[in-house]
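What follows is a group of structures, each given as structure tokens.
Presented sequentially are two complexes of subunit A, the first with subunit B as partner and the second with subunit C.
== the complex of A and B ==
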């Protein structure tokens, strides 16, 4: 007796079941599957259940790089099944690693193969052969009975090659000597699909297919009649694995400044004058889910850590593409990458982190990029373009030679405009024009050099843009950080009181005392170390917070900001 | 394995079985409640009778409230939860339909409490992209622990009701005064000071099947009864295919079964409240 639950690969769909932007409803061993092909050709086999509220993903929408659940519009990325967007909370990046359950997928011989439970490495059952897939035939009978009937139906005195666990190559009686390989897909304890592959041979192809169809249909009638007469086996119970505790209880996951991922430099290209592009590829499988606007920390061979925005479009998880501006005057981060790192080198990077999340609930999104500031906005524009949402991307650069990503930008259609060689007055005139009217539910994202950001924020405010509709990301904090004061911090949740001496940051004092705190740029620009202030007045030295957030005294960045009062109470 | 006995919170409770206007005169009709056959009818004296269709037939208590006939397998309280608005003279009270759905009663209630699906399931009526945000709201257990109450719920709606002519931010209050019933108060497009009432009363015909009875108590004096019914049935008709594609069909009470977000606060409290009351039908109880 075949142990159906033994680890094994089974065919679960035909390649033909996966036309453009379709989601196919499959089933294997009682477990329902949502099977879909992304526009990049990758086949996804996922549990057929959105883990938010259990709605089948097979009724979801294949957007080409993301699958969108019908119920609440949650988006899940190609390959990782990681959640990239939750429309009910459009201003937040899904902070927790929400991912649907995935199953392995291999496409071979016009069939999609998968496995539930523990999975051995895939071995092609018919290596080096190119056989023709037959029409799949669903049979309401136990898989073992179907396999038995196939074996019984072979031409007398012909050989059988077993294809474990539920298949065989054989010559069916009446098949005029034509060999075929049959795989029985165990749908459930009493449901099967016969998936056949036909040996190439002579004869009218249509006639051959019709003959096989007749033989197999008659076989189905026999097996189903026998199954009806026998007691029905108990259906398999689908396994609904519980989500992790942190997903169920909703705390934010803290990602420290840790280089948890290893990537290989797969390509290094000159993107523009003084700008080098790096393709950072996964060493195996795919990289973690990211959202538009997200960045990674790159740990450099010289010990420095630098932040770079991911420029990829949705669902592109085989590599992260980043762009690095060569800045000879800087501390050596960009030089180390541009000059020292070569193709094939392995780099340590952090998981993607998003402090610049893209809302997808705007009636129109305005993206303003200055120079290398195009990087996070390119990822946003790709996501908006793919979902058919209205946006305008304005890229400012000294000349066409200074603007990276000309080709991908051109692919984004009419929403993209480039502006070259404007003097400060010209830039201001154009920005003022672009920012003329905030309109209804429009959002503005701006990334670029500090003077451009300051100007844009000033003009937006003057034009009446609400503060919460203006989103910005600085490359770095150019302010001179004052570190001369000393004060006390009380950690409300950890019940600790610590002294912060002159010359040390709050973040460093936390680390010295064994408290794991997330951080990234450590210069007050990225917002990763944002902390709630319960009492006391912070001395803000960052460029991340909005004016009203600053004045509220309810939050601060612990990497650079200090205290105006002798004591700060923090929610840590 | 014999089914576990019904929890007192369900046994000693009123359950709806029919719209009063559909109770036959001098004849009887049958339906299912908790998988058991129940008969009902109105006698020549005008009185309503309900009985268990077993041998011998067992009389069951009967209550006429909010346009529906209610019964119980245990010892129910004297009266049902209060919906005082129903008695207000200027309202139009409508039985808007009794619709069978292949899902458990608690899943249907949870869907009724949910605002996040409006733009996706009730597109261009109760919601529309890009206005997808579920703003923060308040949830509490009120009425001595007997009711879940969600207040300050706001959502942008293109056509909140038949009388609505343009999009507006609508305010909702949700009550769950019964494990399988919910009452929704919604700002009225015609009267800013008062609210329309829409209620769902679920009849658990089985663990994974339900008849959803809809009740409206509207301030709308313009639209005909058929128009009001049609609008409500169209809305519910959009929910139904979603509900019938939810797995598992019974509502899992283990917090780790699914992934809640802030917008699901009312559902989180509702699931916990069902656990507290020991509700054991139409749910997958939390493992001990």
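== the complex of A and C ==
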């Protein structure tokens, strides 16, 4: 008797079952599966269950790079099954740990293979021939009985080659001598699918397919009648591997500024005048889920740490694409990347972090990009375009030579407009026109040089855009940071009181005392160190917070901001 | 003015609402509280349809108390190109008629199973489900081989017909009667294709499909 639970790969679908933007409903060893092909060709085999409310993902919507649950619209990324968007929390980036259960997938000979439970390395059971997949035939009978019936149905005195655990290559009686490889997919203890692959041969394929369908249908009738007469076996209970310790435990509050990932520079391209593109590829498998607007810290050979936006579209997890503007006048981060780093080098990067998340519930999304500020907005535009949501992306640059990503932008259709060589007055006129009316439930995202951001925010406010509809990301904080004061911080959760002397930031004091608080840019631009203030009045020196967030005195960025009161109580 | 006596949860009524939508038509809906009100047995409704069943479609002097009759009427009256019911092609027309009969078989099995589960109707659930599976196996095989021959719909031709509209509702709602479509992948793909027709409408229990491949240029339904 075959041990169905023995680690093995089984076919779970035909390649033809996965047409454009479809979700196939499969099952293996009692485990229901949602199987879908992304537009990039990747086949995803996932547990058929949205981890939010348990609704089957096989009735969800395949958006090409994300799968959207039919019930509350949670979206999950191609490859990782990580959650990329929760409609009930449109302004937030979902936690990285929200991910559906995935199973391995290999597509070979017109079949999709997968395994539940322990997974051995995939070994192709068949030689490379031009196999013709037969119509798969579901049978309400135990897998071993179906295999037995197939063996019994072979033409007398013909050889059989076993294809363990549940298959055989043989010649069926009535098949005009055509050999076929049959795999019995163990759907459940009393349900199977016969998946056959026919050896290449002459004859009209349609007629051959019909002939085999007739033979197998007759076989099905026999084996189902026998199964009805026998006592029904107990249905299988899906085996769930325990989730990893990482997923099962609460994340540490202190993430620090760690480079937890290693990536290889797979390509280095001149994207535009003074702008170099880097393709940072996963060393194995795929990279972690990100959402549009996310950035990574890149740890450079010269010890500097710099932030770059991920420009990828949704579900593109084999590599992160970033663009670096060469800034000879800066501290040397961009020069180190542009001049020193070569293809093949391995870099340390942080996990993606998103302090600039994209809402997907806007009636229209306006994306305004100045120069290299195109990078986060390109990722956003790709996601909006993919989901068929209304958006306009306006890219401002000195000249066409200075604008990166011309090709990807052109692929985004009519929503994209480029504006070249405008003087300040011309830029202001155009921005004023674009921002004329906030409309209903529209959202604005802007990224670019500080003067453009200031101007855009001023014009938007004047035109009546609500503050919460205006989202911005600065490249850096150009303000002169005042560090001369000293004050006391009380860490409510850690039960510690620390003194912050002149010349040191709160973040540095935390670190000196062994508290590894999350941080990234450390100049008050990215928002990673955002901390809740429980008491006291912060002295804001960042460019991340909105006006009302500042005035609320309820939050601050610990990397640059200080205190106006002698004492601050922080939720750390 | 088209008038439709309608019960929102009825698969038969959905057939008519669906074709109305696909043809770009609207009708005045007269709701009939079939469950739990049993309004289709009331004297007032029996005066409209002595058979005591919904839907009833009224267009001027024409009154049709049968879903498939309503499909035939709408397709021949409001689709100038005649694509939904091509009477000039006897083999195709006859095939469509056969699928109308098949749709009736579906309503005698899948729809009854759904009624048993949803309303507690007194019928043999297991027998209805088993008969439903038998019919779905036939349908899946037909559609699978259709795909191999470049045929997207139940009947030959690039345009869907009333055969598809007649069979779609009971199939798309069958899981409410405890009949899983997991074993019918070709049916699931056909359901997606129907859901992607321009002007497709859902009903309670029917989920929309996302955007798919662009429809064939000649497959857009004729309308007003």
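Definition applied: the second predicted complex is superposed on the first by the 545 of 572 C-alpha atoms of A that agree within 3 Å, B and C clash if a C-alpha of one lies under 4 Å from a C-alpha of the other, contacts with A are read in each partner's own complex, and residues count from 1 in each chain.
Heads up, the rule we're going with is that a residue touches a chain if its C-beta (ideal position, glycine included) is under 8 Å from a C-beta of that chain, and two chains touch if they have at least 3 such contacts.
Every value quoted in this text rests on a predicted model; they were computed, and no experiment measured them.
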Item to complete: Identify the partner contact of A:388: answer first if only subunit B is touched, second if only subunit C is, both if each is, neither if none is.
Response: second
Practice prompt. In the overlay, work out which of subunit B or subunit C sits against more residues of subunit A.
Written response: B
Discussion item. Applying the document's definition of touch, where does A:70 land relative to subunit B and subunit C: first, second, both, or neither?
Written reply: both
Worksheet item: Looking at the overlay, does A:178 come into contact with subunit B only (first), subunit C only (second), both, or neither?
Response: neither
Worksheet item: If you stack the two complexes on chain A, which partner ends up touching A:22: first (subunit B), second (subunit C), both, or neither?
Response: second
Worksheet item: Touch check for A:59: first (subunit B), second (subunit C), both, or neither?
Response: both
Practice prompt. Return first, second, both or neither, reflecting whether A:49 touches subunit B, subunit C, both chains, or no partner chain.
Written response: first
Worksheet item: Touch check for A:98: first (subunit B), second (subunit C), both, or neither?
Response: first
Practice prompt. Pick one for A:363: touches subunit B only (first), subunit C only (second), both, or neither.
Written response: first
Discussion item. Can you give me the overlap between the subunit B contact set and the subunit C contact set on subunit A?
Written reply: 32, 59, 70
Discussion item. Please output the residues of subunit B touching subunit A within their complex, sorted ascending.
Written reply: 110, 115-117, 119-121, 129-134, 241-242, 245-248, 252, 254-263
Worksheet item: Which residues of subunit C touch subunit A in their complex?
Response: 141, 144-145, 147-149, 181-183, 185, 188-189, 192, 207-213
Discussion item. Please output the residues of subunit A touching subunit B within their complex, sorted ascending.
Written reply: 32, 48-49, 51-56, 59, 70-73, 86-91, 98, 238, 240, 242-245, 247-250, 360-363, 389, 441
Item to complete: Spell out the residues on subunit A that touch subunit C in their complex, using ranges where they run on.
Response: 13, 16-17, 19-22, 24-27, 32, 59, 61-63, 68, 70, 135-136, 138, 193, 205-206, 209-210, 213, 388
